[in-house]
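What follows is a pair of complexes built around chain A, which joins chain B in one and chain C in the other.
Showing the complex of A and B:
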């Protein structure tokens, strides 16, 4: 355990140093994360206004403008903390052979990549904290933070980060078999965004789509912690939410192991 | 009791399956439905053994199978068949205990983070290879002195020249004092002074820590300066495994003499002594069968007005070239 703490600490320092070299582009990437949720908020605010101040779903869930503001602001923060972009970089490494020097090290490349992802989150979240505070002040969301819920949301966010990261990494590993992994990734991003609730809260999804979204891994990657923070989830559903997260994390680890073993054989068969 | 070999290779073979198609849109469309593959045998069942602390030169033209062999021995490639044990490990199982004792310097690939000083990458290696602080400082000091790294460690890697970067790559690869070191073109694109420096450094490191080294290089000077033993590979087959000095005796059974004459002579006049390799005014280089050396030299000294005479083996580049020509024929 102490070994891994030292490895991760060293990798985190390295990744943070690299981030500071590219602070401007890192900030642009971070700001890009505002676009989706703010667009969603603008559309739903307009729709709410047209409907006379609130929208009620088929399942009887009601959202006012302030509820949408709360949802999209919390979603924006959780999305930022759980975002992952490794597919692009990984595919590039496989194609140009730069994966090879990483494979010669006695630790798997994924550890360095996770540290890199964490460094991005730490650096950019620090930069974005005042912006998030300003948005909360300006948009006046209907939210009453509960310390208990926030404490429960912390492990949920941590699990969500790992699940989203592992699924993204698994997708990236298709680069071992195809040179066009970006196209698959684009499709995945669209599905992820939709079923994770980037366009609309899952509570507003029509029946059958709501069921798919509820059981899909994407809810565990972002929506579940958002629901905890917003206080929209009954406490008795917390346990099931965590169980789903653990299930999807296990599935992600299993899939990673399977794809890594196969990918290594493929990579080393065609010429590393 | 003698130490067991560090590297044992038996009938190692690697066949690549390569996708093949003609140029043009029609061929591109056709390949969508029916793909044509060709099998390329990059390494054809080679065998050799390397003892602890040996520095072995791996020679061969481009595409001979040198890098493929090194990649199999470092665990980057699965072989198609055959066996290999390095430090008792099967390389392609990629066990961390094996990778901790290995370093593979790929001349055209970097393990250093590009945007920040090399020292930051060294610190990550310290954690990954669990190098104790004292050993890390000692080794780093040695490397800084031997490779003159002092000023380079604070510059971002992207701002270093090719030679400077290679020195940092070498340092990063040696911090954990590997028992086995694969050097693939370590002096590629580096100027002559830096080449000499790197050679001296490799020799010193090998003496100090007894690491087993396999070196591939297109510069014969690297090989002659560092390796007593060479493996010559061509079209995936091992053509020679033995002493570098004996290579010329075995493959090129001739000697050369360099003559400095008082007056220039026509090339045709040397035919009775041997083949003319080079003629430039009064300076001539002749080649003749090895067993005729004393006879030819004494005739040259008595029959011609010689100012200076040197007998030598043919240059190693020529010998290697001859090996490949023989195989081609």
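Showing the complex of A and C:
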């Protein structure tokens, strides 16, 4: 345990230093995080206005404009906390052989990457905090934070981070076989965004689409904690939500081990 | 005439290069099709709850979306690849070779490559718009079609000038590819009717990043929401933009020095 703490502390320090060298790229990622949810909010606010102030789904879920503001703001923050872009980075390393020196280190590259990801989240979240506060002030969301729900949401967010991270890492490992994975990643991001509720809240999805979204792994990666924080999920569904998360985490770990073992056999550095 | 012949040569060589990366380009197209599909799905979910959003009906919004997609395709096919090349050439100093050729530099630099696979976007967009127009049971009259074509052409001129100005900035700042990313984010806003945004954003999308001129105006022309007089405004804006950007490019070129100078 002490060993792992030291490993992660060292990686965190390194990653934070690197982060400050790439301020502009960090800014662009942050903007990407804002644009989607705000566009979603704009279209749904306009739709609510046309409906005279609130929208009610077939299952009796009601959203007012302030509810949409709350949803998309919380979604924005949780998405930022759980998102990662490592899939792109990893493919790069495989292609130009940069992965080789990392393989010689005594810990698997994924540990460095996870630490890197945490550093990214810590640095950027601190930077974004005033912007989020400003958005809360400007958009006047209808939200009543309950301490209990936030405490329950913390482990849910933590699990969501891990699940999303593992799935993306697995996706990135396709680079061992195809080298060009940008398009596959883009495809994945599109599906992820839609099924996690970036364009519309899952509660408003009609029929079969709602069922798919409910059982998809993407709900465990972002939507579930959002629902907890907003208080939109009845308490008796918390347990099933966590069970889904644990299931997808297990699936992610299994897939990672499988792909890593296969990929290592496949991988040979340039010149080998 | 000579320019047309040159453009044909550029077109042929581009296709030949593109053929080397088939799988990647096809998966890119699938990815962008999927992006269109999810936006359509999102909008159709919103429209199950209401029949109109800020005066736009569902078929009208679909027409708007297809114009967005058409423009996205045209930019990625003709404009963006060339502009990215220029940025790279300024950075590593290979723009020298273009300057030595006996053809106007702006023409050579900005029409050199064509990303042919993006024609799929263009075709899908055209298909989607004609399908929705059929569903709209709108008879697109001669005037409407003319207004659409004119505003679309004007829009192409405007977006070309916009990129040219952006690229000219590389002569001073060298790295502007990050700005490109930010502009694409602003462009995203064009997939929805611009009336849904607050006034300041609407103004920004009209005058700073001219999304309104290149997407909203042609879409409105096609759905018969605006008349021919708007087309005149668009054409004037486009002509002025082309002139100014070309002057700015020539001015910027004076500041270009090869990599070793």
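Here is the rule we go by: the second predicted complex is superposed on the first by the 266 of 272 C-alpha atoms of A that agree within 3 Å, B and C clash if a C-alpha of one lies under 4 Å from a C-alpha of the other, contacts with A are read in each partner's own complex, and residues count from 1 in each chain.
We adopt the following convention: a residue touches a chain if its C-beta (ideal position, glycine included) is under 8 Å from a C-beta of that chain, and two chains touch if they have at least 3 such contacts.
Treat the numbers as computed from the prediction; the structure is a model and nothing was measured.
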Chain B versus chain C as contact partner of A:23, first or second or both or neither: neither
Partner chain in contact with A:7 - chain B first, chain C second, else both or neither: first
First, second, both or neither for A:140, with chain B first and chain C second: neither
First (chain B), second (chain C), both or neither touched by A:205: second
Touching partner for A:59 - first (chain B), second (chain C), both, neither: neither
A:95 touches, of chain B and chain C: first, second, both or neither? neither
Which superposed partner A:39 touches (first chain B, second chain C, both, neither): second
Partner chain(s) touched by A:105 [first = chain B, second = chain C, both, neither]: first
More chain A residues in contact [chain B versus chain C]: C
Residue numbers on chain A that touch chain B, as the complex places them: 3, 6-7, 9-11, 13-14, 17-18, 21-22, 97-98, 100-107, 264-265, 268-272
Complex interface listing, chain A residues touching chain C: 24-25, 28, 31-32, 35-36, 39-40, 42-47, 49-51, 55, 57, 178, 180, 182-184, 186-187, 190-191, 193-194, 199-200, 204-206, 209
Chain C to chain A touching residues, read off their complex: 21, 23-24, 27-28, 30-32, 34-35, 38-39, 41-43, 45-54, 178, 181-182, 185, 188-189, 191-193, 195-197
Chain A partner contacts - residues on chain B that touch it in the complex: 16-17, 68, 71, 74-78, 92, 94, 96-97, 99-100, 102-104, 106, 109-111, 113, 115-116, 120-121, 123-124, 126-130, 156
